[in-house]
Amino acid sequence: MEPIIAASNLTKRFRRVLAVDGLDLTVERGEVFGFLGPNGAGKSTTLRMMVGLIKPSRGKIQLFGRDVWREHCQALRKVGAMIESPAFYKYLSGRDNLRIFYNTGANCTVRQIDEALDTVGLLKRANDKVKSYSQGMRQRLGIALAIIGSPELVLLDEPTNGLDPQGMKEVRDLIISLSRDRNLTVFLSSHLLHEVEQICTRIAVVNKGRVIETGSVSDLLKRSETYDVHAHPSEAAAEAIRGIPGASIDATLDGMFKVKLASGTPAELNKCLVDKGIAVSALIPRVASLEELYLRLMDEQC
Amino acid sequence: MKRLLLVVVGVLLIAPAIAGTPKGDQILAAMRKQFSAVNDYRADLSLTVKGSKVSINNMQMTVYYKKPNKIHVDAKQGVAMVPSGNYFGDPLGQMANAKAAYLRTEEKVGRPCYVLKLIGGQAPMTAWVDKERSVVVAMDGEDGLKTAWRYARIDGKYYLPTEIRADIRPALAAGRRRHADPDDQGPDIGPTKATLKFSNYKVNKGIDDTIFQEKKRK
Amino acid sequence: MLRQIRFELYKMYRKPRTYLGYGCCLFINICVMLGLRYGHMEQISTDAMHGSSFGLVGSPVNAEFMAWMVTGSTIGSMIMLMGLPFYVCIVSGEIFAGEVAEGTLRTVLVRPVNRASFFTAKFISTVLYAATLPLFLCVTAFLIGLVFFGHGGLMATGTLEHPVLAWYPESAALWRLGLSCLLIWAGATTVGMVALLISGWLNNSLGALGAATMVLFAMSVIGAIPWFKPISPYLFSTHLYIGQKAFLDPIPWAEIWSGLRCLGVYSLGLFLVALAIFRRKDVLA
């Protein structure tokens, strides 16, 4: 089955600034895909190219097999998007905004609008002018716009921006339920690594306009798994660990070694140490967080 | 004998001619008599003027006349532009105090007419007067104004104009004015043709003098 | 497309600044009415007729006259140069740049909407707004004149190029006023297109308004300089006053068609350039 999002050699140059440099990316149906990177990495530019706001300098971006720039309407027919802070007509009500924006390019019923508003918890304030909305309410209105009409792909740029912790949790739960219940594909750009770790099934990390790491969250974290090993004597333990194929020491602190196993199992590590007469007092698996992975990747880039 | 015969023949030949040649004053008197039966009239007037500097399209007004020379115009559509000149009332008005000299008889607008030369009135002009009806059918003034008149018999008695066509040639007029007075800077409205159509005459029905009093402007 | 136009008009008429132009038209009409009512127009008219082989009876001041004053007279030409186009530019300069500034352009363009039809809907909305202004000006002048002065035929003067004193019966006056509104619409649309183009290029509504006004003034000045006379027929500012030609007799259709052609070429050309810029534009705001 063809990927829902396919970016191939995607490049964007703004005069002397190369914002996106040969980016390759695919997103499959049903995934909740996280797009991570520092400020200025090219996330927003990539997202804008995905929805046709910016024309690629080179390469192409396809949604549902359609080139976004050449077949804009067909490509975005089943897509809902919220790019950066959602902007609405302040002098119109929330409901009117949804009606006008959604009906530009498609048709929706009053019931569908109400459903979307209800989903994001704005039904009671639907007839109030947007200028009376808080930042969080506008954010939710943007999400409502993105999910009206049962799209198959939703692109969200910082969806929890401006929300309180309760609101953040609600949005996270919403995204998970949309993905699970409606088999929605979600492409999510966020700075909140903890949030991405909870929601996303697959991620890409981008820096300086290029993808530097991509994969499922579980695989990436597993690859980053380490073991805290308490063993003595320390010197002998260190020497023994270094002698094990596939094992490396990330850090050492007071007889505790942070060991990374590229191959082999912790049981084999333990047996190896014990066979060499080294006393192992503790062998604790430590799963890395996404933040640790991310920071490590950024360090490697420097 | 022969000489006497020649004199008699000559007198016989000339006499009819001398006896049939009208005098200008007599023609004017006949015109005055023709109009004398009209004490007052009211008529609808439609004015159309076409020129390079003016364009009036079918302007409707009502004209009131009462002897000897009272004229009043009412605008039917808010405003009326009344052409200067003797278009209403006594057609002899502009010929008053003029000396008329009979020139010849000729046909004009299908009518046998006396041709008069008028000097001393408002401006020297040539006038064609219908022999039978004693009404002026055309005028050609040296002030640049040429007019042609059509008539109808109103109430079976009065010959009154139904249409007057005026041809204003201001260059001619301006030239003559400036010849008389080099400082004359009179307006230049360009060559202009005006048509006045009279209808719905009500003759000798009585008109109150108050109509002719000028109303104060608000 | 119809739905998009409806949305654009809905958004346009929800903004208070859209009503500035109508307010100005109303204000002008009230001033004109006061001037006609208390300004002894009958005496002025009579004096103007002096020595012209005609005398004046009655008053030319009526609803038709008042409507002509604001569309076909010298006052009308001032309104056409400084008034109507300015208010059209307020709307046309803002209709695009305003969306960019607010960020709503971004929100719209992530929808499956064709950029060309989206922009064309804005163009058509601007054109429709430009039509309502001279119509509002003329109709309110007529109605106010009807209340205070009644109705009748129209006495009008011509233009500087064709000075003429004309009078038309009421029926002819009404269709000439309608024609004048149509012609004024053409001129106002062209100026509005200048603002639309500049707003699409600069993404700034105030800049678009200022630049469009400046272009209009510059063209008017250039057209008035004798040395530039050969190009004067090709400047759109030269044809902004074709509304006055509706009151000449006979109507100089050849001149009007020539003027409309020039304005049409400018309007279409400006629209196409603006559209081309917009279609390739990166939306960064």
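Read from first to last, the chains carry the letters A, B and C; within each, the first residue is number 1.
The rule is short, and it goes like this: contacts are C-beta pairs under 8 Å (C-beta built on N, C-alpha and C of every residue); 3 or more make two chains touch, one makes a residue touch a chain.
Note that the structure is predicted; figures quoted are calculated from it, not measured.
Central chain (C-alpha centroid nearest the global protein C-alpha centroid): C.
In terms of the distance between Cα centroids, subunit C is separated most widely from A. Look at where the CA atoms of subunit A average out and do the same for subunit B: the two points lie 102 Å apart.
Look at where the CA atoms of subunit B average out and do the same for subunit C: the two points lie 49 Å apart. We define each chain's centre as the mean of its Cα atoms; on that basis subunit A and subunit C are separated by 53 Å. Listing the residues of subunit B that touch subunit C in their complex gives 50, 52-61, 73-75, 77-85, 168, 186-187, 189, 192, 217.
Interface of subunit A with subunit C (complex): residues 14, 48, 51-55, 72-77, 79, 81, 83-92, 100-106, 142, 145, 155. Only residues 3-4, 7, 10-11, 14-15, 102-104, 106-115, 118, 280, 282-284 of subunit C touch subunit A when the two sit together in their complex.
Those residues of subunit C lying in contact with subunit B across their complex are 42-43, 45, 49, 51-62, 150-153, 155, 163-170, 172, 248-249.
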